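Below: the structure, in structure tokens.
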Amino acid sequence: MGFTCEVTVRLYDTDAAGFIFSGAQFRFAHESLENFLEHVGLPIAKIIRGRDVLFPVVHAEADYRAPLAVGDRLSVRVVVRALGDRSFSMGYRFFLADGREAGSVMTVHASVAAATGASCPLPEQVRTAFAPYLTTAT
Amino acid sequence: MGFTCEVTVRLYDTDAAGFIFSGAQFRFAHESLENFLEHVGLPIAKIIRGRDVLFPVVHAEADYRAPLAVGDRLSVRVVVRALGDRSFSMGYRFFLADGREAGSVMTVHASVAAATGASCPLPEQVRTAFAPYLTTAT
Amino acid sequence: MGFTCEVTVRLYDTDAAGFIFSGAQFRFAHESLENFLEHVGLPIAKIIRGRDVLFPVVHAEADYRAPLAVGDRLSVRVVVRALGDRSFSMGYRFFLADGREAGSVMTVHASVAAATGASCPLPEQVRTAFAPYLTTAT
Amino acid sequence: MGFTCEVTVRLYDTDAAGFIFSGAQFRFAHESLENFLEHVGLPIAKIIRGRDVLFPVVHAEADYRAPLAVGDRLSVRVVVRALGDRSFSMGYRFFLADGREAGSVMTVHASVAAATGASCPLPEQVRTAFAPYLTTAT
């Protein structure tokens, strides 16, 4: 089971070579993460304003399989790749309208106490909300 | 008559002061412009790929009336403020869910031949598509 | 008297039309502001971490006079355009290597108490540091 | 042997959680790549304007080891990690003033004919310029 949303390649995502700047794919992943968090009842505004536990990215990877141009609409499949004691991993796959995979992103997020910056256990609320989207399949 | 769309304040639009980085409001305006262009049948992908006439911004202004934070959903009212012989102006007003105006942007775009970079008449196709959205009211 | 620094147009500032995305000029202005603040002894890190008084942009304007492309080195002339009781204005002019003016930005910043978000008097420290750069000439 | 440059964490690199947005580290890597290309006599403006061979990122990885805040000055060590027949890999390590490693980025770039988008051999000019910076050490 997964979550699917849509992102659009905007002019500001592209560069003078005519296609997206490589960093833009992380923008798409982050926009999709915010959509996913909203979907599972954990809107990012609450996480940021709560200032209790934050989930900074500690590792990120991206693959680029097709050039993306302004106006391209991407269907994004979001899954939870791992749920650890003190971290979680997310996977994002980007598909063009014709079904081709344009690229993918994987991110690992640590669970960190906002007050101290120290590693802390993943809150049960996050574990419960994310569990249905956990999949080992790529 | 106007065109209305929605943009969401994303984490990458905010800065360490807790609210949006001022430049982000121009991102919202541009995203809204792309939505408007799609709505009037002139998708930006066609404009960019056509490489015939481009519409670079020659002047821009923004007012900021309320702090915007991650997760805020903005209703954007897009109007055409002026249709000149060789330029056009767009207006964008951003409203929070409670109806307060959070800010506004105004942009002036020149009509420029892509091949030479020289000023050129605004294409009739643009004039016709934009005319119904022309309003002198702010 | 003014302050001069240099910014470089990076690939991520450009878009698929081949020149800078209009919002990028505000990035150049902000980078120049941070350089100016450092120069006058008020590094932005201290302002943000101090969480005492913040200076959000309440109005911004930009003019674009020449297309800017990746690799262009801009000489930026930074001046203080106005020092009010509860606000200040900054001016930025961007010059290409051949002396042509590529564009300009003007920003108005309010003085705001971080704790309440309410308008507050401009701190004397800021007034003293900025005064030598105040000029009414454009 | 390596190339070292400096990047500064700007306010627009940070987000409302108080530290850099994870995508910003790729901005630092790209800025460093442009500095490196200039250093080895292959300025990116020439590559983009030449429209002969382009080097899009096909894979990217980043590790984040320390929170970065506005005003932090990073010393970036840039190395060439691999020189293939039709691709190359770059490594970037970011160090804080106290010597701690704040993070790292690795990118793989394909050699692509601009006209067709097809894979092509890495130009000899690139191989020669990059070879002195090739290192297998991390």
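Order of writing sets the labels: A, B, C and D. Residues in every chain begin at 1.
Just so it is clear, contacts are C-beta pairs under 8 Å (C-beta built on N, C-alpha and C of every residue); 3 or more make two chains touch, one makes a residue touch a chain.
Owing to the predicted nature of the structure, the values given are computational and were not obtained by experimental measurement.
K.L.:
Please identify which chain has its centre, taken as the mean of its CA atoms, farthest from the centre of chain D.
P.N.:
Result for the farthest chain: B.
K.L.:
C-D or A-D: which has the larger count of contacting C-beta pairs?
P.N.:
Pair with the higher count of C-beta contacts: A-D.
K.L.:
Taking each chain's centre as its mean C-alpha position, how far apart are chain B and chain D in Å?
P.N.:
Chain B and chain D have C-alpha centres separated by 33 Å.
K.L.:
If you average the Cα atoms of chain A and of chain D to get two centres, how far apart are those centres in Å?
P.N.:
Centre-to-centre distance between chain A and chain D: 23 Å.
K.L.:
Could you tell me the distance, in whole angstrom, between the mean C-alpha positions of chain C and chain D?
P.N.:
27
K.L.:
Using the touch definition from the top, which residues of chain A touch two or more other chains?
P.N.:
Only 11-12, 16-17, 19, 21, 23, 27, 30, 48, 69-70 qualify.
K.L.:
Looking at the complex, which residues from chain C come into contact with chain B?
P.N.:
Touch list, chain C to chain B: 16-17, 19, 21-23, 26-27, 30, 48, 54, 56-65, 67, 107, 117.
K.L.:
Considering only the defined contacts, which chain B positions touch chain D in the complex?
P.N.:
11-12, 14-19, 21, 23, 69-70
K.L.:
For the complex, which residues does chain B have touching chain A?
P.N.:
Residues in contact with chain A: 8, 10-12, 27, 30-31, 34, 43-46, 48-49, 69-72.
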